[in-house]
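The following pair of complexes shares a single chain, chain A, combined with chain B in the former and chain C in the latter.
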Partner chain A sequence: MLRRHILKRIAGAGAGLALAALPGLSAPALAQETVKIGLVLPMTGASASTGRQIEAAARLYMSQNGNKVAGKTIELIVKDDTGAADQTKRLATELIVNDKVAVIAGFGLTPLALAVGPVATQAKVPAVIMAAGTSMIVERSPFFVRTSFTLPQNTTPMAEWSAKNGIKKVVTLVSDYGPGLDAEKAFKAKFEADGGEVLAQLRAPLMNPEFAAFLQRAKDLKPDALFLFVPSGQGASLMKQVNERELAKAGIKIIGTGDVTDDDQINGMGDALIGMITSHNYSAAHDSPENKAFVAAFLKANNNMRPNFMAVGGYDGMHLIYKALEKTSGATDGAKLVEAMKGMAWTSPRGPMSIDPQTRDVVQNVYIREVKKVDGQLWNVEFATIANVKDNTHPTK
Partner chain B sequence: MTDQTISTKPSPEAIAARSVLLGRARWGWPEIAFWAIAVALYFLMPTKLMLLSEIAILGLLALSIDLVLGFAGIVTLGQGAFFGIGAYTAGLLARYGMGEAPWSDPLLGLLISGGVAAALGFVTSFLVLRGSDLTRLMVTLGVALIVEELVNQMKWLTGGSDGLQGVMPSAVMGVWEFDLYGKTAYVYSLTVLFVLFVIARRIVKSPFGLSLLAIKGNPLRTRAIGMPVNGRLVLIYTIAAFYAGVAGGLVAQTTQFASPDYVAFHRSADALLMLVFGGAGHLYGGLIGSVIFRVMQDVLGNITPQYWQFWLGMMLVLLVLFIRGGIIGLLMKMRGRIMRNRGPSA
Partner chain C sequence: MLTILFDGVAYGMLLFILAVGLCVTLGLMNFINLAHGAFAMAGGYLTITLMQRAGVPFLLCLPAAFIFSAFLGLILERTLYRHLYDKTHLDQVLFSIGLVFMAMAMVDYAYGANQQIVDLPSYLTGRLNFLGASIGVYRLFVIVICGLLALGLQLILTRTRFGSRLRAAVDDGRVARGMGIDVTSIFAVTFAVGSGLAGLGGALGTGIISFDPTFPLKYMIYFLIVISVGGTTTITGPFLASILLGVADVLGKYYVPAVGGFIIYTIMVLVLILRPQGLFARGPAR
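Let's turn to the complex of A and B:
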């Protein structure tokens, strides 16, 4: 108690000092009319594609829906955290303390999101996760809300489909960090429950991965299928090595989550990919009027860059923030905003989705897709839908 | 004999040497101004304290590289290893100390962080003694890579790629809690930087520091006049590792977080860049370099979050091309010119 009291006093003194130093910005009329949203993303470094996609999608949403919500002007501030967690934390803190943002959002990787958790909790500011996919992130702060996906959510349907379609033995190969381990665990649990067998669980390092040795090992084990997960951006280098090792010729089916056949990169991965089966929450080839409009607008605004699942996470994140502000009539109290976000449901370019009121995690359809060539380009073409999938690994209260 | 009477009194040479050493050790007004500005920034930029604290910590890391590179001439790309070890040591202490003194006490944490890093520095210094610059570059880089992979693999202890969560250091001296605004963080980091800087200053202005410069100039000749070259290099390398470890401890405590990124190659490379940028061999080079590097990154990053690296790189190339010896070199040259214009009387 005493500690919290001291903290509050320090915080109060700090805010006072900050206001005193910036009289021009502290005019109350201005502060009430503008609602700032801070986007912290990796815009440079290994995960730069994630940041680019999300920023583009957020700006697209704002250009389509205007910058006025409930009579307030929305202002977007984008910061580059270079994919380093200490930078994410500092920038999120500065956005909250200096820029007085009502919501922080973005967070390209699990460690980056985790670093922000204590800040969001302490400052009582909603943090919308637009990318990171480890299941437990939302448990780390009551102010986390997710619009991306979780790995168990996307992986379990893949395991189910595999077991039903004549695959008996699988080797899994994942990136060795939170989401990868989530995917590995979820796949094994479901696949073995359905009567399959996981021969080996291989883990490649997250940074500067070299997959050759792992792929050779997988090939030697002669499974029916090889299950793959790598984060957005690493799919191309992984698939290049998969093709070089000629696993398909050895009779090994390549399956995985849609992170591997990332829409942003799929065209550069080559025709060897055709026929690969993945499960995911979003494909740019999703057949709905909402998605067609979204993809067309996104391509046009971004020099023909195809939106991927990161983009749709950013797009829906902005939608969630807009709708929550509408619901609170523009009030920016953090707890109220989170309350407004809980249970929110809408039709996204990815299909129907909602925010689970208990876990603040995303509930959405997961699709089984096959890589096909349509009009000279590679796409993830959906052929089966598992409706309203929840991440069932959260502890029940 | 006259010899004996002289030996009881200091010889004129010794007096001269002593006055040279003392003269070197005197604080000039630019130095006082530098630290006064650092203190004033606390009041002038209350919204940027987290960034300032980060700069102070990076400055300490660059200072540690300056000790080995600028004074002893050891080229290193591995200072990140000690930085990372320090960060994880302090982080783990704060985490498992559970907010209970003494284990989560920040100052004790810093001492232990520095100590663990110094131990690693001492052990690996014998590898660094072997070979030329290129070999040293590879050896220091190799040590850093090993530490990075250990941190990544020891998931049960370090949290692996997800980073170390739940780092909660106690209040500094039991009074000042770490706050969101970075007030405690900046004062704390700056104080630690200042204390360690004064010690480093003392070290390099001492006869020991001069002997390092001699080794840097010509190790063979230094050995020939009877200087224990290897012993001196081991000592300064260990001290520098201690400094980097303390810097790592500071970063873990002030950000309440540690990740494998702290050990990564680009940390060492960035710090080396800051030092070269500011000017190696002057102690202040690393500090000034880290200020300019980070401020440019912050300013450029706000203007263009996507392309700031391009502009930063451009400026670095231009500065290195046109200003030899970094910022400090430039300042000294300007000072020299002013002195000459004033004439010999000044």
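Let's turn to the complex of A and C:
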């Protein structure tokens, strides 16, 4: 922990010095050799776990794959937007204008990604979304490409599974912002189409310290299951209150998207979580050689911090940027890079995935998982796969 | 209905214990200490550290959090705060908000920005059935402790020699000094107790809310609402205000979830328009 901070300080100071030295000598030779990638992430504040995970994954990818692509040296610049959209926009602009980055990436929350849209469009710089999950973000700029997931993509399989497994009545409780509303809408649409009934759609404020009232209301409505969504990093406090209210004892099954049973935090949430069913695009327990190698390397490089779905979004984001640069033979023209990214397909630690050439959004498997205790730790163990799920809420052009 | 009312009272009680220290420093000492939440955070993180890393039982953590935060308050009061008693409110605000940011950065550095959770001992978890209402044992525990504290504070302030000295020192420090009251140490003790109560509130809060480095800012708004609605001249004012806000917040979220989050602010705005000195304050605010 401490060492990581110190290293970061040193790296930061180094970057500062380099910047201070640069402006006088705008060396064209140097610019040709280096391709800079700017990561804008919430490294502090409520969503800091997202930033930490993505940064660690991006650095891991670079340490595994070297910093040379198509003859160019890749340089990663990480900026902290603290989770505030105005900061994201300012930092993205600075990265593009001052640091001349070829690609910007990161964006921990939907509002942060949306703030960058106009900047990317105007500067014609590809913006790789490694975290934010609201469906419509990619529609806001032709330079957005996504390697994370979308809420409708992850939620629809959960609704389908619920309807098939004897759950008739559901109450949904989501964070009241873009992705939460996406999840709520996608769940209701699919679940009711499959013959279920949504009794109530509760929305808790995004920065909500107290879920008691919402959970009590859900309990009093006596549904078969309670569907939960909160953003990465906030699942712990929600689950603490879910446990306190003893919904499971009242016969209410707890289901949700994998955001709630975040791999980064799940071990702190307690054994009461065992048996919870979620659907998600990534579990650190995913059974594949690629994932086993990824998790082992990640744990080793990060003092046993377990990678979560944010990490894999960052890892694949770096992969996408590397492969796109290879395809353009190192050319950093924004439009060319985006074109190269479209349709790209590879096997990620999460399983097979690709970039939809029409929407620039991610296409991937979604897994139904159950929280289980394996070797003394809690894991999201996958037991069903829905292959190649597309977000079908994008308008068809 | 009873259940939800109970949850509201418990939440209100927690708010009260977190805010009462601020009420003491602001109302009695006329000092605006926005860093109050930082003391609560200190208590909360101490509890988390003791429980997670040292395995100290929860019940021992509570007094430890009180003592730790009180001590911290005492040190800061002696070294920093006392220089600002005579400064303008703007200086006090700027100074204390600076402290908040420093505290947040320190916690972030030491613990990371993750939400921290503690596992409560099993005898404090679970639920009781009482008159048809399902009651969380821990929330009951919070209500009892906070209720006793509120009663104790009120008695100390109105019935003891220390209380009357404190009130005298606040009303007119110079005259009080002339009467042989040691104003400086009374203020120091009061400040320490206020900080200690915040720490205790933080420790109690670990069972209900989660802690991350943004805690002092996230809850500052709640403290200030409690103070502005309750007024600062009494202990009972903020006490009733906390319960009112807790109940209104929880009931609002339960019955009208669509606007639930706003109810607490609506109440504050109404109170400030109708009774700017606070709902339960006797005289006009100073």
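Simple rule for what comes next: the second predicted complex is superposed on the first by the 370 of 397 C-alpha atoms of A that agree within 3 Å, B and C clash if a C-alpha of one lies under 4 Å from a C-alpha of the other, contacts with A are read in each partner's own complex, and residues count from 1 in each chain.
The rule is simple: a residue touches a chain if its C-beta (ideal position, glycine included) is under 8 Å from a C-beta of that chain, and two chains touch if they have at least 3 such contacts.
Computed from a predicted structure; not experimentally measured.
After overlaying the two complexes on the shared chain, residue contacts for A:290 are found with neither chain B nor chain C.
By the touch criterion stated above, A:90 is placed in contact with chain B alone, chain C being left untouched. In the superposition on chain A, A:123 contacts chain B only, with no contact to chain C.
Note on chain A: of its two partners chain C and chain B, the one contacting more of its residues is B. Of the two partner chains placed by the overlay, chain B and chain C both lie in contact with A:205. By the touch criterion defined above, A:192 lies against neither chain B nor chain C after alignment on the C-alpha atoms of chain A. By the touch criterion defined above, A:356 reaches neither chain B nor chain C. Within chain A, the residues touched by chain B in the first complex and by chain C in the second are 44, 48, 52, 176, 205, 207.
The touching residues of chain B, counted against chain A in their complex, run 44-48, 50-51, 54, 149, 152, 160-163, 165, 177, 179-184, 251, 255-257, 259-262, 264, 301-302, 305-306, 308-309. Contacts from chain A toward chain B in the complex involve residues 3, 6-7, 10-11, 14, 17-18, 21-22, 41, 43-44, 48, 51-52, 55, 78-80, 83-86, 89-90, 93-94, 96-98, 110-111, 114-115, 118-119, 122-123, 134, 140, 176-178, 205-207.
Taken together, the chain C residues at the contact with chain A in this complex read 3-4, 7-8, 11, 108-109, 112-115, 117, 119, 125-127, 136, 138, 208-210, 212-214, 218-219, 249-254, 257-258, 260-261. The residues of chain A lying in touch with chain C in their complex are 1, 5, 44-46, 48-49, 52, 176, 202-205, 207-210, 212-214, 216-217, 233-234, 236-237, 240-241, 243-246, 264-265, 268-270.
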